[in-house]
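These are the structures, in structure tokens.
Below are two complexes that have chain A in common, paired first with chain B and then with chain C.
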Partner chain A sequence: MRDIITPVASIAASLVIVGILLAAIGINPLEAYAVMFTRSFTSKFGLAELCVKTTPLILTGLAVAIPLRAGLWNIGAEGQLYMGAFAASVIALYSNLPSYAMLPAMFLTAAIFGMAWAAIPAVLKAKFDLNEILSTLLLNYVAIYWVEYMVYGPMRGKEVYNFPYTDLFPDAATLPRFFGTRFHLGFFIAIIIAIAINHIVNKTDFGFSLRVVGANPKAADYAGISRQKVIIYSMLLGGMFAGMAGMIEVSGIQLRLRPLISTGYGYAGIPVALLASGNPLLVMASAALFGFLYVGGSVLQTTYSVPVSIVYVFQSLIVLFIIAGQSLRRRE
Partner chain B sequence: METLLEMRNIVKRFGNLVANDHIDFEVRRGEIHGLLGENGAGKTTLMNILYGIYQPDEGEIIFEGKKVRFRSPKDAISAGIGMVHQHFMLVPRMNVFQNIVLGYRTPHDPLINQKWVEERVEALSEKYGIDVALYEVIMNLSVGEEQRVEILKALFRDIKLLILDEPTAVLTPQEVDSLFYALKSMTKSGLTIIFITHKLKEALKVTDRITVLRRGKKVGTVKTSETNERELTRMMVGRDIVLDISKPPREFGKEVLRVEDLWVRDERGNYAVKGVNFSIREGEILGIAGVSGNGQRELEEAIAGLRKVEKGRIILDGQDITNKGVMERESIAYIPEDRIGVGLAPSLSVLENLMLKDFKRYRKRFSLDFDEMEKRAMELIEEFSVKTPSIHSAAGTLSGGNIQRLILARELSRNPKLIIASQPTRGLDVAGIDFVRRRLIDAAMKGAAVLLISEDLDEVFQLSDKIAVMYEGEIRGVMDRKRANYEKVGYLMAGGLEVTV
Partner chain C sequence: MKGKFLVLIVLAVLAAGLLAGCAGEEGKQTTTTTPTPEKTTTAEGKKELKAAFVYVSPIGDAGWTYSHDLGRQYIERVYGVKTAYAENVAEGGDDERVIREFAEQGYDVIFTTSFGFMDATITVAKDFPDTIFEHCSGYKTAENVGTYFGRMYQARYLTGIVAGAMTKTNKIGYVAAVPIPEVIRGINAFALGVKKVNPEAKVYVVWTGTWYDPAKEKEAAISLIDEGCDVIAQHQDSPAAQQAAEERGVYSIGYHSDMSKFAPNAHLTAAMWNWSVIYSYIIEQVMQGTWKSEEIWWGIDKGVVALAPFNDAVPEDVRKMVEEEKEKYLNGEVPEQYPFVGPIYDQQGNLVKAEGEVMTDEELLSMSFFVDNVVGEIPAASE
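== the complex of A and B ==
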């Protein structure tokens, strides 16, 4: 019961503060929230967009949540997502694979590149106890600028009028869409992964080890659980999911590689995971909430010309409140 | 003698728990007043209320004839009350001088009047016979010296009443004697002392009067000269429990553990274990006595596989396991000194903690068989009478005694050949102590070899077949229990050399 109080109170408090901000610039917050809600939930396109935004958030939420269970902070989901997107784009544009092999190959390489990007901080943490918050965060910039360099240079397309884009992917390299909207296959993939990972975390011996390392690393040593292995595997899993999110974004939405493919999905994975307190099933719910904020944010922008940054304010507030709530609980 | 302090009708609740239930407590000027009770009886809570750390829910405090209300320790200190906590509150990187003046305004504040402080400390040291090296850094002091600093720090603040919370827990028998001597001399110069303890012998030895608490209630106050161990025990636990345990004789089997010239480093890289040798046979208990911090922790961790061995060998059951992983030591049960920090994942459930070492055995294809694990966990909490609301409760919410039962359940149920038990009854109440000691004896009678590491001499003498003393990383004298006595062991614990005994 008390596990629910912190997230619910955090959401409520953030709604109130954002409401005050909206009121300060002359917008009735209740009306604004009502508009956000109806536009997102009452039309086919609103719902489709909600799913489209929720999909990468589920995956980046998992990318943060799994290492979090072992007590590790993966701030690098954003960079892992970019590396996944980059890898998938290379396959899509240059591999000439037969169409049936195209999507699976893109998935695989995106997963591997995401993992490889997470492997660097993981190994540094496991072998030298280097702070993973710093290393994952800094590697984000490397990945983001790497993609930027590629699309400005070697990978710039022939039919893009000098924009920093690659050419559009061939049809075989795009995820199937449904209902005449942007709603795509990636949504189901994310949900299947979340359910599978929930099983792994709660029902397998790996998940057990993960919990022990997260709860008390010394007790893990004491019980003969290899802390290094758990650190590396949990970070690799996280990197894999973030890499897949990158592939899904380029293959399902952008249909090409370009800068700013992610509007902070990797960072939003942090509040998503925190709000779900690391539980993979709840990650789906909190990802949906944040997806709604993204959609609602653009609604606010088109209706009231409120900058979409209000979404990031909301996100940050939620993180602050959750952390505050946790430290309050510790003091009791 | 006039009354210095009166606490009337004190009530303190924590949630549903009533830690202090209408307690009346009266202390007279110039006496040493023992506050006796088992763990959780409410002694420390009562003193924390007096010292301003907690506010009472009901009741009042009268100090020197005036009704007082302390909102923080600062109020208590300025009224003339000092407290030395069980865990010392010193800044390790600062020296004694700095710790003493910390938070104190010397004349010419904000400048520190060094000369004034030095003279004052010297006068106090002389008056009470407490010696300290004023410019030594706290980190380099022994526990006994740290305690003297704490006491001096309190005296420095012109106190009239000194509260000592379990002051002897970390001291050698010789240090205890010199502490008691200092306390007596303090009362001669008019100081009043409240002495919190759960050790009967000490209460009888040093106090003038004793107040006994049981489960948050006051049982009574007695004159020390008119009471005895038996009466106090009955007051403390509500029935006669005489901890009359001893290990029956048994033939020893083959050698289980042999440690040869073992050298182990501590966290700072210094040798904490220096060339230790011993062996233990089936059915035998080797008790290692010694004050904490003399290399016991490093020794136990090296044998349990948690710490690297620099030199020497550890042979378990004929196999060299030096520097092998924990997994190669399946047949070792380890009850660590730091139960909650090492032996437990407090935020995980009782079930998960019971399965901490064995969960991999319950693997069924891609999953763990949680039904089987629950069944086994139920058996274990039954067998070791672990009191818990459910096997899904967080292990950290259990009481100290039940946490130790949980750890025993996990470790002893794995049919170990070797049991390492470090301070296994520290902080437990009488019933818990009794349970743990009987279980260890049972295990030895069934053929396990037991390495018992303990500061509690009663425990070492009750359980051990052989007794050794660890001092500054060395084992001093392994002797048969029949040839050992308290004086000899206490002498070795304090750093005495065997040859001079």
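== the complex of A and C ==
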């Protein structure tokens, strides 16, 4: 229950603050919230866009939430996402697989590359106790620059006027879209994964050992749980989810590889996971909330022409309140 | 647990009061904007025209989006068009939603001002056949989608003449953003201008890899100055390279807008955008009901690109030389593609265009080589 009350209170408090801020720049906050809400929830396209934004956030939220259960901070979801997107793009553009095998193969390689990228900090942590916050964070830059190098060089498309893009993926390598919107199959995949991982975390031995290591590493040792194993497995799972997010983003939305494929989904996964207290089912809800913040943020811009900095202040204040609320709760 | 919530709420209220106090002064000056989802009509019953702008970066105070926003303000002021904008819209991810938002809100014309918005513009345009879309710098059009761009390389070429004439060390620095054709074309045109007046001089290119990173741009400029460059040109969104030149006492050439206020002594001139020319033309067409999808690529003769006023340090004979070259565009003595007229050699000394041959627009738009007096590499493009 407290998992729900605290975030709701945090969100309510932040809405009050942001409302005052909006009023200060001459915008009626109630009206602004109403516009954000109706444009996101009452139109087909608004709802579709909400799901489009929520999809990668569910996966990056899980990418942070699962290691967090074992007390590990995966700041590297962004980089894992890029590696997944890169791997999926290579399959999409160069494999010439038959169409029935294309999407599964992209999915699999993206998962493996995401995992491999997370394996580096995982092993460094397990074997040498190297701080995973630093190693995961720094590897993000390597992954982002790697993708940049590929699209400026070997993977640059033939029909892109020498812009740093790959060519568009063949149809077989794009996720099916529905209702004439950008709403795509990836949304359901993310939901299924969240439900499945929830089962694993709550109902299996592995899930139990995750929680024990997270709650009390010493106790885990006494209980005969291998901390190293838990560290590595939880990070691998995290990397896998982020890699899948990368595949879904290029194959469902971008339809090609380019620099800057993510608008910070990997980093946004951190507050998504925190708000959900690491609970995979709640991750879906908090991802939807963050999706709403993205969509609502651009509604604010298109409706009122507010400077984008105001939108960022709005979004960051909400994140700040969420984190403050969580830490107050934890100190009880 | 209840106590903690109380703390949270009290904190919230305190912070709210603080914010309100700080923002109060500003708040009084700003006017309330209300959303107008339907097309509005003016007192005379004539339909008020509404135009929306989708920007790839924040407006800022000197760069690409700033120059477009000056155009937006111009059509608002001169034609009474009601305008709206969205800044810092991510290409490929958020663009389609933002463009659709504007279309659904009933804007009559939607300008999308970055190459990466091309596919999203085309996609949304299909669903809104009665809305006019104008995409800057792309090559895809439709019945209700036109494109527009400016031949900035013409102004670049003229600034190259200034730089080539003013350098003493025969080393000219160029702080460049990202190796896409537009940037490469600008460097080459500039270098051809340098070559025109000073065949000995070379243009040294440093890439920052970003469009807007003042610290990096300044660092790049300083590294070029340390190498002996005494004129610094740039293709960046901030005036940091100009400021570096000012501090080190060398000359500089601005870009996007007149940057002389950032570097009054160093700034010789700038290659400037004047988008209001194109925006005015499009808005007039729409108002008269004569708009049709066009591929606009105008140059210095129409005033879309221009030079900023010269610094006093630029001597009369150099000004005259620039004027003479500019005149060639105005009276049609040279093709629009000038200075990309052969002989043009690449860095390896291969003849790219033979004497008298003119590069096609297609070749200009996908340019991926440096001319022979440029020093530096195009990253990862060495195929």
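Note that in this section the second predicted complex is superposed on the first by the 309 of 332 C-alpha atoms of A that agree within 3 Å, B and C clash if a C-alpha of one lies under 4 Å from a C-alpha of the other, contacts with A are read in each partner's own complex, and residues count from 1 in each chain.
Throughout what follows, a residue touches a chain if its C-beta (ideal position, glycine included) is under 8 Å from a C-beta of that chain, and two chains touch if they have at least 3 such contacts.
Just so it is clear, the structure is predicted and the values come from calculations on it, not from any experiment.
Once chain A of one complex is fitted onto chain A of the other, the partner contacts of A:H199 are limited to chain B, with no touch recorded for chain C.
Between chain B and chain C, C contacts the larger number of chain A residues. In the superposed model, A:F163 lies in contact with chain C only, and not with chain B. In the overlay built on the shared chain, the residue A:F208 is in contact with chain B alone; chain C does not reach it. By the document's definition of touching, of the two partners only chain C reaches A:V35; chain B does not. Shared-chain residue A:I17: touches chain C; no touch with chain B. By the touch criterion defined above, A:G153 reaches chain C but does not reach chain B. Once the two complexes are overlaid on the shared chain, A:G224 sits against chain B while remaining clear of chain C. When the two complexes are laid over each other on chain A, chain A has no residue in contact with both chain B and chain C. Partner chain A is touched in their complex by these residues of chain B: 304-306, 325-327, 329, 334, 336, 341-348, 352, 355-357, 359-360, 363, 366-368, 370. For chain A in complex with chain C, the touching residues are 2, 9-10, 13-14, 16-17, 20-21, 23-28, 31, 35, 39, 43, 45, 49, 52, 148-149, 152-154, 156, 161-164, 180, 182, 249, 253-254, 256, 258, 260-263, 294-295, 298-299, 301-305, 307-309, 321, 324-325, 328-329, 331-332.
If you check the complex, the residues on chain A that touch chain B are 199, 203-205, 208, 211-212, 215-216, 218-224. Partner chain A is touched in their complex by these residues of chain C: 1, 4-5, 7-9, 11-13, 15-16, 19-20, 23-24, 26-27, 30-35, 52, 58-59, 83-94, 96-98, 100-102, 104-105, 115-116, 127, 139, 178-181, 209, 365-368, 379-381.
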